[in-house]
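Encoded as structure tokens, here's the structure I'll be asking about.
Labels for the chains are A, B, C and D, by order of writing; each one numbers its residues from 1.
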């Protein structure tokens, strides 16, 4: 028996669950987890089913396709053991990177990390400690386009499923983001849509908010505006300075980003327009 | 089209989802919400499906039974519009009662409240304001058994589905509780299993905890030990006295109890051994 | 012995605490609670001291003035038993009003509520139940100026210390707000600065945020932009509709507003520029 | 100008704040932060004042002593720059150790870590990376007493102010704990007093709680019963297995322990009977 993860999106119609259940029964499968949602604003139906089956991936795919094809869905079927491959990107601030690598190493994230890319060399020792290749890809105004081309080659060569911007301080081009929709996760160090742009903790301090937060979202062409995956918050007081907020924020950022990566790694996030549907465990 | 709520419990086997989906398709139904869980310690499979169908309740029941009977499940099918009927019980402390009636009145709870019962008369004016019958059922050591008999009659006469102990300070007998398993909700003013018994906020103060809470749980024969439905917590400090904790606790108690009532009213809670499976919306 | 509350603001200099302590000792006082803060961006020093003394208010004031006058502070000294007088304003949505009156009635708020004003009559029965005068003050474009004049007269006649906009849907004029700086509390049904303006829960839904909130802030001439007193938040998911968010938001709004009212009633909030310093209990 | 931290405990009487303020003024000091609390159950008054002064530590101490001696307080005065020295102890589970060292290295904790001690060798590489001495002190039933003697020598040789049990799985003897009261911090992987003893997440799972937590507390002779410094909690559901709870718990444990260590390092925690008074920043 092997465990499979099926995800599916299509226009909402009656009979989809039945069709999926028929395919799974034909594959001698037993459902262990099942989630679905019909999104009112988009009319999108989406489903995630986790099931055990003695059949091969090809057979399972054939059974499911034969029942589900009538709904012309976007469908993904994979073995749970064939983990998603994530490329981490970082600049100099390392708390998110350190946290992700620690969690990955104790097997908390269900993901492969075949590569870390940075526009600086500072984090190389952290990465090498885990025997993960580290690629230094410096970015200047002049080299930006060439750097993205190199990045694209790395994505292909290492068969990357999604990119995690773990406090990567360069903006990826709209074209690059749009080529990997729903597959580039950014951590914004603010509770979006509150404080976009630079120095959000300084902005939060000056506005005198009593709660700060961090937001994991998909990168799109529109900076700080992609669909939100996960947000975390914490109470603060007047007594905390802007730099205290930065320190407090580190805890939220790394926790929120790690949750988003795990959700992505387990195929639990579906983009529906500007929003996400998240099938939490 | 009418909306139906199906809940089902049985031993976990392959094919249950398919059978349910077949029954729903036969009833020309469209699934709008679906949750399921296989509980490892008990081997119990449980499912809650919300679907729209043009057929009558009897027809829908027949279609589902014909497909599902092979699994000998405990099954419940009802129209969402036929709301569960809750009996509220209260003593003198009224914040939970006031809150539940307010929420019920603005239609936040999806429940009928045909009756409020109290061992005191203090809350009568609050209840009468909403044109809900109020029954005064005093309880002494001598009258306790007779009072429970009266309560049983009220439960039958008013066709009560579940009882909510909204700070009702009398203990119901094990026999009474066991006659309505999973249908008597109590709010304990502590974060169980932390401080059982009397004066939990005083206990919490003396222990010097930094977080207090409240617990909505099913009443069983064993006081403060039934399956937990919902818990809420809040940070406190050394500066809060035991009576401050009581005041702070009121907010958690009423919120937690209201959430538990709404979950119960929407058939979202399943008891599995000493635990509950909660299909949150 | 009576309990006094002293609050003080002035430019930050050495010796203020000593001077206050000397005044209190001269008044044979015993400090029971003391908070202070030096605000870096404004250079403001502020302090709140709660102490017991056998002397009269006039004597206590004289002792403190004699020691503190050298710092030319803004100073307030009062008996804790002489409670602040709050005017509540409401339109049709009543959950905040109902909640404040309930808390006031069980003595959770340390405040007097001599009057409730509304531009509608819907809430009159709720208010009259508590034997609090209810004034209907309708507002149209034409009558707005006259209504504010009437409101000013009510504030004077009832010796109001501060106004609570408990979901009052009319905007007070900048002139009115600026005449009572730091004494008009508004509850905004959003986690500011996230979603200003109308229908914030709809905005939050459309943006797909995973946390919603509410903000109690001082009303200034600039709508939704005054200093923030208190904020509360709660996690939400894709499955909650905009109207679900409204219902969930009610719980946060009433809790956050009640906390802000209690802080204000106990002289725990100091405005420093665009921010507040809050001396929590 | 140098920054000083004064902490003081004594029986509650009038005039203590004045005396402290006089001493600070005599030392030409300017108060930057001040907290105090009178604990009703114990009658204890405690105070923490942070101030800047151009005088030497000896002079400052003399000025304060001359004014405060009449209250026979327990007093501590130190330069903020002379950081407390913490000894970390760990067994094999390393997430708390890794987190504390990371925070220490980016200067988040205001503490010196001159030594790490373990009953296993597994964590040695993590510690050596930071150039901190690592001492392997194996503990068996036979060697337990000798190991504690060695530990005591290390505490003296390295002039340790407090010990942090960062998932150290051996119980220190009551005699050892009582020799360093209020100076041994333990992290218990449960929301005390909920689940004492072994395998608390397994206990939490079996009880079906909906919130789990972790507790940083002082170690006393009585295991899992010392005064609580800090607690953190997180919502969980039926769907999380006992081992999921372990993973989720790691995040709370490391956060709660790091907060407790920072509070201790900044002299913000006072033990009052079985409770703590915590002067949060």
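The definition used in the following text is that a contact is a pair of C-beta atoms (placed from the backbone, for glycine too) under 8 Å apart; a residue touches a chain by one contact, two chains touch by 3 or more.
Only a predicted model underlies this, so the values are computations on that prediction, with no experimental measurement involved.
Looking at the partners of subunit C and subunit D together, the chains they share are A, B.
Ranked by how far their CA centres sit from the centre of subunit A, the chains are topped by C.
More C-beta pairs touch across one of B-D and A-D than the other; that pair is B-D.
Subunit B and subunit D have centres, each the mean of its CA atoms, that are 42 Å apart. Between subunit A and subunit D, the centres computed from C-alpha atoms are 37 Å apart. Looking at subunit D, residues 239 sit in touch with two or more other chains. Only residues 13-15, 17-18, 21-22, 24-25, 28-36, 38 of subunit A touch subunit B when the two sit together in their complex.
Residue ranges on subunit C touching subunit A, taken from their complex, read 37, 39-41, 191-195, 206-211, 213, 227-233, 237-239, 241, 272, 274-278, 280.
If you check the complex, the residues on subunit B that touch subunit C are 95, 98, 102, 106, 108, 129, 239-240, 244, 247, 251, 255, 281.
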